[in-house]
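Each of the two complexes below includes subunit A, the first together with subunit B, the second together with subunit C.
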Partner chain A sequence: MSWTRKILRVNLTTGSIATEPLNMEWANAYLGQRGLATKYLVEETDPNVDALSPENIFIMATGPLTGTMASTGGRYSVITKSPLTGAIACSNSGGFIGNEFKNAGLDMIIFEGKSPTPVYLYIENDIVELKPADDLWGKSAWEADAMIHAKHQDPNLKIAVVGRPAEAGCLYASVMNDLHRAAGRSGVGTVMASKNLKAVAVRGTKGVKGLDNPAEFFKTVSDGKKVLADNAVTGEGLPAYGTQVLMNVINGVGGLPARNMRDVGFEGAENISAEAMHEPRASDGKPNLTTNGACFGCTIACGRISTVDKTHFSVKDKPQYHGASGGLEYEAAWSLGADTGIDDIDALTYVNFICNEDGLDPITFGCTVAAAMELFEDGKISLEETGGIELRFGSAEALVASVEAVVAGTEFGKILGMGSKRMCEKYDAPELSMTVKGQEFPAYDPRGIQGIGLAYATSNRGACHLRGYTIASEILGIPVKTEQADSDGKPELVKAFQDATALVDSAGLCIFTTFAWGMEDIAPQIDAACEGDWSVDKCLEAGERIWNMERQYNNAAGFTADDDTLPKRLLKEAIKSGPTEGQVSKLGEMLPIYYEVRGWTPQGVPTPDTLSRLGLS
Partner chain B sequence: MQKSLHLDPAKCTGCLQCEMACSYEKLGEFNPSRSVIKVFTFHEEGRFAPYTCTQCDEAWCLRACPVDAITMDLSSGAKVVIDDKCVGCKVCTISCPFGTINYVQETGKVAKCDLCGGDPECAKACPTDAITYIDANATGYDRMKAFAEKSLPSANTTS
Partner chain C sequence: MKMYLELYASLMHLLPPGTSRHKREIKVAEGTSVQNVIDQYHIPLESAHIVLVNGVFVCEDRNQHILKEQDVLSIWPPVAGG
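Coming up: the complex of A and B.
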């Protein structure tokens, strides 16, 4: 076993706290974390519940490899229904809290109901208490984190916490942990705050034990680490440059969207790239990047720790932002930068700090600002409505003012807090929202790179790169190179990536391992840690089962094939220049084949045969 | 040849593989809270630093112990706590200037690094070589070499 076999169930309405055994039959079919927690969600809630009502449940879950020496085995996920999309939400985070849950003896925590007053959950091994959080309410995630540490006089407490936008109902609030790691997407922080749950603080010292086959485990885990160390991406690229290694690469191949995806190709890309983060700056001779950092157990260490230039307008009078903190990852650098047309790396780093400090998804925030900039330039939002912010593409001042408006909850901040779909509908320009199922795109253009468009359109949590990262194949040639302009073979590729990713997310591992690891590297580690026979085939089948289960949830929540689409801009407006000039997304060609490959009807519904093959009927 | 743990904070990423390896070696479980090598994060500075016992030749802890529960492993030079003898009086924890020997509530004894009998698990687990186990006489050589390189006459001045 590598599950602790124990679940904590917290009813916030009544304040009752109980433990129960993990359903091992389900664990054997859905593994852990994403898959297993989704199974609980599906079994325990109606897919049509209002995401922000007490009837929605909110789950924090680890995987069987969380807290072990398997490289990157420190992850946890938040699973709930998303208020942004209305679809299933599963947001994965690294940092250190996943291990702490496991060391406190817990596989997952299920929160039900809604507390009458603000509370936080305190866990010290078997001591579990809901404590009043009235003093923490209204505080940023960082401030609340510091206050909880001070209260318990325990620097080793690991804390997951929401910031002020979550409390105010911003639809893309994240759950922050360990200061700068986030369960970032789909508004999971908004759900947490809707339950009056400000934070979860945990200290675990019980030890993670009971490996099924220790000798085999250490062998497979060392083999795995060697593969990561020897691989150019996980052994060199990610530690040195982080995910930001992609900025110039993706721009170079004509895949970098800019200015609310009006353009492809960003002239300022170099200024906001990994290479730029290494450049010493004029004021103090230091580069933006201080060092790289790892999440728990990770031998890759892609994390960026950065500083903002102390003389930069954003922090000049704010010494509290002069220290090092979580720096730019690629997706955030793109959404806050290229998508808004801003190439000021200090402004982006500062805004990223604020997104961490107060728990905002930087992808959705940046894209929403980008959409607002287009609305503004088209004359659809007035200067009065923006509260005086000159929302022009390329304006770092406007971006900084926007993030401060969301945090402060100003009138315009609240509008930005709706996300681009609701905002663009409000201003009668729904076509300007670059979203799928209401969630904003990450940093790869579906016109320039075909497979990722299909992955976005069919992603179970709305537009997302982490549900099927075909960029690995289409750009980096991992595991095999496919042509970015081709739509042939992409449905099969997307399905393979989606299923494998679902399994990796369910194991407690980081998806970045898959730049180097295939299922033949991953399955043996799971198999050695866990009871049961976790062969490559069983892992892939479990991945497919999880994907189909999520799909069924969404279908039951009212989603149809019509929602598996992309904004008109990406289907109709050809790329204007650069290496991918003239291209649009060929989604229409790929989607029917994808349904077929999946064993779904032309309406996107899993057939009875598919369901019974996967044990889902 | 006697060997020492050589710690290089500049290389550390804070991954805690060393803490897991240590606790697994000592307890058969992954339990960073019980590791005797500790990695500290200095958030504002953006730095990580592994730290553990340096195995002093004239060890304060060994001298302070009133029941001779700390002895020297002659093969590795490590100062080792004999659990059966330790009475948990904590005098050693007061005497150690570095804080690297600590009381453990769960056992009622103290715990410190014993170099795993001369084959330290943390060094093997560290992916970045922030922890290495090397010739005890040469732990400064990598820094010496870095400075030696700086003293090289540059290509310009020799040509």
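Coming up: the complex of A and C.
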């Protein structure tokens, strides 16, 4: 095993804390983290529960490789029902806290109920206490993090915490850990705050024990690290340029959406790219990028640590933002930049800092501002309603004012805090919300790149690139190049990516390893760490089982095949210019084949045979 | 004839002198192939991973793809993100 076999169950209503053994039968079928915690959620809650009610549960879960020597083995996930989408929510984060949970002897923490007053959970190995957090409530995630560290006088304490927007009910609040890593999507931070749980602080020193075959594990882990080091992407490209290197690539191939996906292709893309982050600026000769950074156990180190130009309007009177902090990753740079038509890299970096400081999903925030800009330019939102913000595409001042409005909880900040679906419905323009199942798109246009459109439409947590990253194949040629404009073969490709990703997300590993690793690299590491025979086939079957379990949850929560769709703009409005001119998404051609490949009915429901084959009957 | 060469990421240092961040106007002979330009600018074979002409992937033999006046040839090393 490399599960600790121990779960912590915290009832926030009563304040009771108990430990219980991990259900090993489930662990053998769902592995850990995303899969295993979702199994607990499915078994313990009604899919129709109000996501922000005490009846919803909130799980923090590690995988069996979390805390081990496996490269990137430091991940943890937050699993709950999403208040943004009403679907399953599972948000994965790196940093260092996953390792700390494991070293405290825990596979998983399940939070039930709602505390009558603000609290935080303090864990120091076997000491587990709920502590008052009245003084932390109303503080940013960064302030609360510093206060908890000061209270316990322990710099090694790892903290997961929500900011002020989560407390105020912003529907896309994230759970921040280690200051600038996030369980970012689907509003998992909003659920945490709804339980009056401000933070979880953990220190573990027990070590991670019980590898099933230590000698074999060390060998497979060492082999895996060599593959990552020798690979041009994971060994050179990602550490040097980070995910942001994609800005020019995706723009170059005609796949970069801009201005609320009204356009494809952004003329300012190179100004907000990875290459631009390396350039010395005029004011102090320093580049935006200070250094790269790695999460626990990671031998890739794709993270960006950046500074904002001290003379920039966003920070010139705010010295607290003059230091280096978590910089732009590609998806955030796109949503805050290209999707709003803004090519001011300092403004984007500052807004990204604020999203980290106060726990906002920058993808949904940026896309919501982009939708608001289109509403404003169409005359559907007035200057009075925005609180005086001239909300025009390309305005860095408007973007900065918008993030500060969400954090301050102004009237307009609360409207932005709804996310674009509810906001656009409020202004009678639902067609301007670029969402699937209520969650905003990442940085790839489904008209210009066909497979990712199917992946978005069928993602179990709403529009998301991380549920089936077909961009790897369609653009980057990993593991093999497929034609981006083709719909043929994409249903099979999407299913393969979705199933493999579900398994990786359940292991404690980072999905970025799969730019170099195949399942034949991953399965032996799991097999050596865990009891049971974790062959490649078993891993892929477990991934498929997890995907179908999530689908069953969503179906039971009221989702149907009608929700497996894209906004009309992407299905009907052809790309106006560039190498992908004239294209729309061919979702209608791909979806029925995808259902068939999945073993689902034409209505998108897993057939009895499929459920039986996967042990889900 | 005139055409344009764009190099990105770790290939930028191979660009000839100029002011634009990634793009240079270059002159090549009629009948020049994509591979001819890759060779002329000393771009290592393994680093010419994403190769586009006018935003469209060059999937066929690069020796067979003959460039035209005003074409934009864009090249990246192996990269990824997400």
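In this text, the second predicted complex is superposed on the first by the 617 of 617 C-alpha atoms of A that agree within 3 Å, B and C clash if a C-alpha of one lies under 4 Å from a C-alpha of the other, contacts with A are read in each partner's own complex, and residues count from 1 in each chain.
Just so we're on the same page, contacts are C-beta pairs under 8 Å (C-beta built on N, C-alpha and C of every residue); 3 or more make two chains touch, one makes a residue touch a chain.
What you are looking at is a predicted structure, and each value in this text was computed from that prediction instead of being measured.
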Partner with the higher number of touched subunit A residues, subunit C or subunit B: C
First, second, both or neither for A:Ser487, with subunit B first and subunit C second: neither
Touching partner for A:Gln583 - first (subunit B), second (subunit C), both, neither: neither
Contacts of A:Gly242 with subunit B and subunit C, given as first, second, both or neither: second
Which of subunit B and subunit C A:Asn292 touches, first, second, both or neither: first
Contacts of A:Ala276 with subunit B and subunit C, given as first, second, both or neither: second
Partner chain(s) touched by A:Thr62 [first = subunit B, second = subunit C, both, neither]: neither
Touching partner for A:Thr410 - first (subunit B), second (subunit C), both, neither: neither
First, second, both or neither for A:Ser186, with subunit B first and subunit C second: neither
Subunit B versus subunit C as contact partner of A:Thr38, first or second or both or neither: neither
Common interface residues of subunit A - those touching subunit B in one complex and subunit C in the other: none
For the subunit C and subunit A complex, residues of the former touching the latter: 6, 8-10, 12, 21-22, 46-47, 49-50, 52, 54-57, 59, 74, 76-82
Touch list for subunit A against partner subunit B, complex: 67-69, 71, 96, 99, 103, 156, 179, 204-209, 225, 229, 239, 290-299, 301, 303, 305-307, 323-325
Sites on subunit B touched by subunit A in the complex: 13-17, 20-21, 23-24, 27-34, 43-48, 106, 125, 127-128
Subunit C-touching residues of subunit A, taken from the complex the two chains share: 231-234, 236-238, 240-246, 248-249, 252-254, 270, 274-276, 302, 329-331, 465-466, 469, 471-472, 475-478, 481, 483-484, 511-512, 515, 578-580
